[in-house]
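In what follows, chain A forms one complex with chain B and a second complex with chain C.
Right, the complex of A and B next:
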C-alpha cells in the first residue's frame, strides 16, 4: 500500500528543549497508534503533521505535498488537538459550524456537515447549549466533531478518548474504525496503552523524541531479542517440564507458582523454546492446561523499550 | 427522531469539491460581527457611537433654516463643506468613541484566542496568519467604518436633501473616502496589537485606555517643554485631526505638515501589523510547544 505520509529525518526543538529527533516514517492508510509517555514528542509530531509547526530539520510530505504553510492541504486533514481550544461562550453547534465554514463550505453545506458531525458524536440534543455548560466528555466529543466535520482523508487525534465515558469511548472507537475502513489514514496519539490497543495493532512507539519501534505490536515484541520473553505453562507436570528444559542455554530463568501448577520461563529465543516445548509435550505425553505469554502485550513492550 | 446505529452514523463519503478561496477569513468576520452584537451593553455602546452623527445631522438641518439666526456660527461652518466633514470624521469625541469601541470589541479578539488556546482551531484549517489577522481586522474595521464612513455618506446625502444642491468638492470626496479607512486601520492596528499582549481582555482594555491617555499626556507635555508641534504626532487624537486637515485641505490644527501625520499613521499601522504578524507567530509557537 502506498504511503500517504512520508517523514524524513524530522527534528524539532523548542530552544534547548528537544521535541522530536530524527524521525523517519512512512504511514499508510489505516489506524496507526502513536504511543509514548507524556512529553515523548507525540503532540509535536502531530502538530508538524498538520502544519502547525515547522520542523527544524527534515521534511514531511502528505499526499506527496509539503505540509507547512500548505493551506490547501489542510482541508484534507482533521486535527483533534490535545488541549481544549474553543470559545466557551459559543454553543456546540456554533463552534462546529464555524469550523465547517473555515473549511470553505457554504452555509447550507456547513449546516449539513455540522449536523452530521454533531450527530456522530451524540451531541445533537445538546447542540444549542453553551460549551461552558458541557461536561469534559462532551467537550472532548465536540472537539472530535470539529475534527471530522469536513470529512478529512487524514485524521490526527491527540488523546481523543480522554475524559469520555465508557459508552461513548466504545462508540468513538467504532467511529474511528469506520473511518479506517473507508481507506482513511488515522493517527491516534495516546499515553494510555489500552486505548491504542483496542483500536489497532499497528503502532509507533515514541520516547524522548525518538521512534523506538514501529509496526505490529507482536512483531515488535519479537524483535526485542535482548529482552527475555515470558512464557507461562500451566500443567500438573510443571516440575518435570522445568527439569527437562533447565539445561537449555536460551532459557534464562524460570519460576514456579505451586498454587496453580504453573511455571513461568524467561527465554531469549521464543521460537526455539516453543519448538522444544511442543516436542516435549508430544514425547512425554504431558498434560497442558494453558500456555500464555504474560508480557506479549503493549504495556510490556512499552515498559521494556523505555527501560522501566 | 429515529435512532441511527453506529454503522449508519459512520463515515459517508462526500462527493463535493472544496474550492480554495481568497476570502478564508470571511467566517471569522461574520462570527465576530455576530459575537459583538450579542455582547452585554452592545446596544448602549452603539447608540453612544451614533450620537455625533445625529448632532451633525441636526447641524445640517439648522444650516438650511435661515430663520434660526442664533446658530449663525454653525451655519458658517456647515457651508464650509470640507471643514464640516473633517470635523465630523476627526473630532476628538469620535476618536475617543473609537477607542471605547476598540476596548469594548477589540480587546477580546486576540487575547481570548490566546486564553482558550484557539490558534490550533484556525491554523489546522486552510487559514494562514495573514488570513487570521485579516479576519480580526475586518471585524474592527467594519464597526469603525459603520460609525464613520456610513454616517459621513449619510450626512452628505442629507445635506443634498436639505439644501437641494447636488454638488461635492474634490477634497470633500477625497476626505470622505480616505479618512475613515485610514483612521479605522490606525486604531484597529493599535487595538489588535495590544490585544495580543495579554490573555486577559480586562488587561487589554486597560492597556488601550492607558495608551490613549498616556500618548495624549506625553504629547502635550513634550509640546510644552520643547515648544515643538511635531510632538503632536505622538497623540492618537491629534495625529488624526492633523491628518484630516491635510486630506480635506483645510487649515491645519498644528504647526507641522499635515502629510507627515498621514505618513506616520500609515507607517505606524503597517508597523503594528508587522509586529502583530510576528507576535501571532510567537504566540502560536508558545501554545504549540505547551509553554
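Right, the complex of A and C next:
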C-alpha cells in the first residue's frame, strides 16, 4: 500500500529542548498507534504533521505535498489536539458549525455536516449548551466532532480518549475503526498501551524524541511481559505470603514495609507470579487489602528497554 | 476557500463572539465614564448657571483628549494585540491554522471585527457626551459639524492604532502590551510636541492634523492642537492609509510565517 505520509529525518527543538530527533517514517492508510510516555515527542510529531510546527531539520510530506502553511492541504486533514481548546462563549453547535464553514461548506451543507458530527459523538441533545458548561468528557468529544466534521482523509488524534467515560470510549474507538475501514489514515497518540491496543496492532514506539521501535503491538507486549515487574501486596499476613513464595525462581527479590503491612516483590514473569498469588490467596484464605504494581506503566517499559 | 469567503466567516464569528465578551463589556463601561463626568458637570451647570466650568468646556478641553489620546489607543492596544495572542493563549489557534483558509483572512477578519466593535464602543460614548453637552439646547446644538468630523477622525485613529498593535501582537506576546503602553504614553505623548519633521513620526500627529480646524479664540480642541504643525488633510489621509495597509500586510506576513508554539507542545 502506498504511503500517504512520509517523514524523512525529522527533527524539532524548542530552544534547547528536544522535541523529536531524526524521525523517518512512512505511514499508510489504517490506524497507526503512536505510543510513548509523556514528553516523548508524540504531540510534536502530530503538530508537525498538521502544519502547526515547522521541523528544524528534515522533510514531511502528505500526499506528496509539504505541510507548513500549505492551507489547501488542510481540507484533507483533521486534527484533534491533546489540550483543552474551545471558544468559551459559544455553544457546541456554533464551534463545530464555524469549523465546517471554514472548510468551505455552504450554510446548508455545514449544518448537515455539523449535525452528523455532533450526533456521532452523542452531543446532539447538548448542542445548544455553552461549551464552558460541558463536562471534560463532553468537551473532549466536541473536539473529536470538530476534527471529523469535514470528513478528512487523515485523522490525527492526540490522546483522544482522555477524560471520556467508559461507554463513550467504546463508541469513539468504534468510530475510529469505522474510519479506518473507509481507507482513511488515522494516527492515534497515547501514553496508555491498552488504549492503543484496542484500536490497532500497528504501532510506533516513540521515546525521548526518537522512534524506538515500530511494528506489531505483540512485540511490545512481549517486551512488557519479560521486563522485571514490581508488585506490592498489602496484607496483615504479608510475611506468611512472602514465606510461601520465596522458593520460586521467578521472584528475584522482595522487601517488607512494616509500617503499612506491605511486601514488594520483583519478578520477571508477571503472569506466573499472579497465578501463584491468586492460588495462595484462595487456598490460605489470605486477607488482601491492596495489590499494586508501582511500575506497571509505559515509562517503566521504556526505561527497561533503553537500559536505565 | 478564498480570502474573501474566509474573511467573511472569520469576521462574522469573531464579531458575534466579541460582542458578548467580558472585555467588550469592560471597555463599554470605561467609555461611559467620561459620559458620567459630563452628566455630573451638566447637572451642576444647569442647577448653578454662574458656575465657572461648563459641560461644553469640559467636553472640548478634557473629554476629547481622554478619547483620542487615551481611550482609543488603549482600546486599540488591547483588542489589536489580542488578535493573535488570545488564540495562542486559549490554544484555539489550532482550529484556525488547520483550516484550509488563507492565514491573512484570520488576521484581517478579526481585525475588522474588532475595529468595528471598538468603533461602536467609542462612538456611542462620544455621542452620549455630545448629547449631554447639548441636552438643554437640542434645537441649536453646538459643534455639530466638528463632532461628526471628530467621530470620523476618531475611527481612523482606532484603525491606525489597532493595525499597529495587531502587528505588534503577531510578533510578540506579553511584551507587546508593555511596548504598546510605552508607545502610547511615551513616544506618542512626547514626540508629537517636537517641532518640525520629528512630530510626523507619531500616529497622533496625522490624527490631530485631520481634526476640524477651530479659531484660537474658540476653546474647542485648542489643547489638542497645542504645538501642532499640521499636515494637510489629504496628506494625513494618505499617510495613515499607507500606514494601516503596511502594518496589516506585515502582520499577515508574520502570522503566515511565524511558528506559534503552544505551551504543551512536546
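Throughout what follows, the second predicted complex is superposed on the first by the 219 of 308 C-alpha atoms of A that agree within 3 Å, B and C clash if a C-alpha of one lies under 4 Å from a C-alpha of the other, contacts with A are read in each partner's own complex, and residues count from 1 in each chain.
FYI, a residue touches a chain if its C-beta (ideal position, glycine included) is under 8 Å from a C-beta of that chain, and two chains touch if they have at least 3 such contacts.
Small disclaimer: the values here were computed from a predicted structure and weren't measured.
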Exercise. Should the pairing of chain B and chain C on chain A count as a clash or a fit in the superposition?
Worked result: clash
Exercise. Is A:136 in contact with chain B, with chain C, with both, or with neither (first, second, both, neither)?
Worked result: neither
For this session: Figure out whether A:192 sits in contact with chain B (first) or chain C (second), or with both, or with neither.
Result: neither
For this session: Once the structures are superposed on A, label A:182 by its partner contacts, choosing first (chain B), second (chain C), both or neither.
Result: first
Seminar exercise, completed: Larger residue footprint on chain A, choosing between chain B and chain C, goes to B
For this session: Once the structures are superposed on A, label A:41 by its partner contacts, choosing first (chain B), second (chain C), both or neither.
Result: second
For this session: State whether A:86 touches chain B only (first), chain C only (second), both chains, or neither.
Result: both
For this session: Answer with first, second, both or neither: which of chain B and chain C does A:14 touch in the superposed model?
Result: both
Exercise. Just one of 8-16, 98-106, 152-160 or 170-178 in chain B hits chain C in the overlay; which is it?
Worked result: 98-106
Exercise. Taking the two structures together, which residues of chain A meet both chain B and chain C?
Worked result: 14, 17, 19, 43-44, 47, 50-53, 69, 71-72, 74-75, 77, 79, 81, 83-89, 98-99, 101-104, 146
Exercise. What residues on chain A touch chain C, complex-wise?
Worked result: 14, 17, 19, 39, 41, 43-44, 47, 50-54, 69, 71-75, 77, 79, 81-90, 98-99, 101-104, 146
For this session: Going by the contact rule at the top, pick out the chain C residues touching chain A in the complex.
Result: 1, 5-6, 9-10, 13, 17, 20-21, 90-92, 94-103, 256-257, 259-262, 264-266
Exercise. Can you name the residues of chain B that touch chain A in the complex?
Worked result: 1, 4, 6-7, 9-14, 16, 18-21, 24, 26-28, 30-31, 35, 112, 116-128, 131, 284-285, 288-291
Exercise. Across the complex, what residues on chain A touch chain B?
Worked result: 14, 17, 19, 43-44, 47, 50-53, 69, 71-72, 74-75, 77, 79, 81, 83-89, 94, 98-99, 101-105, 109, 113, 116, 119-120, 124, 146, 150-151, 171, 174-175, 178-179, 181-182, 184
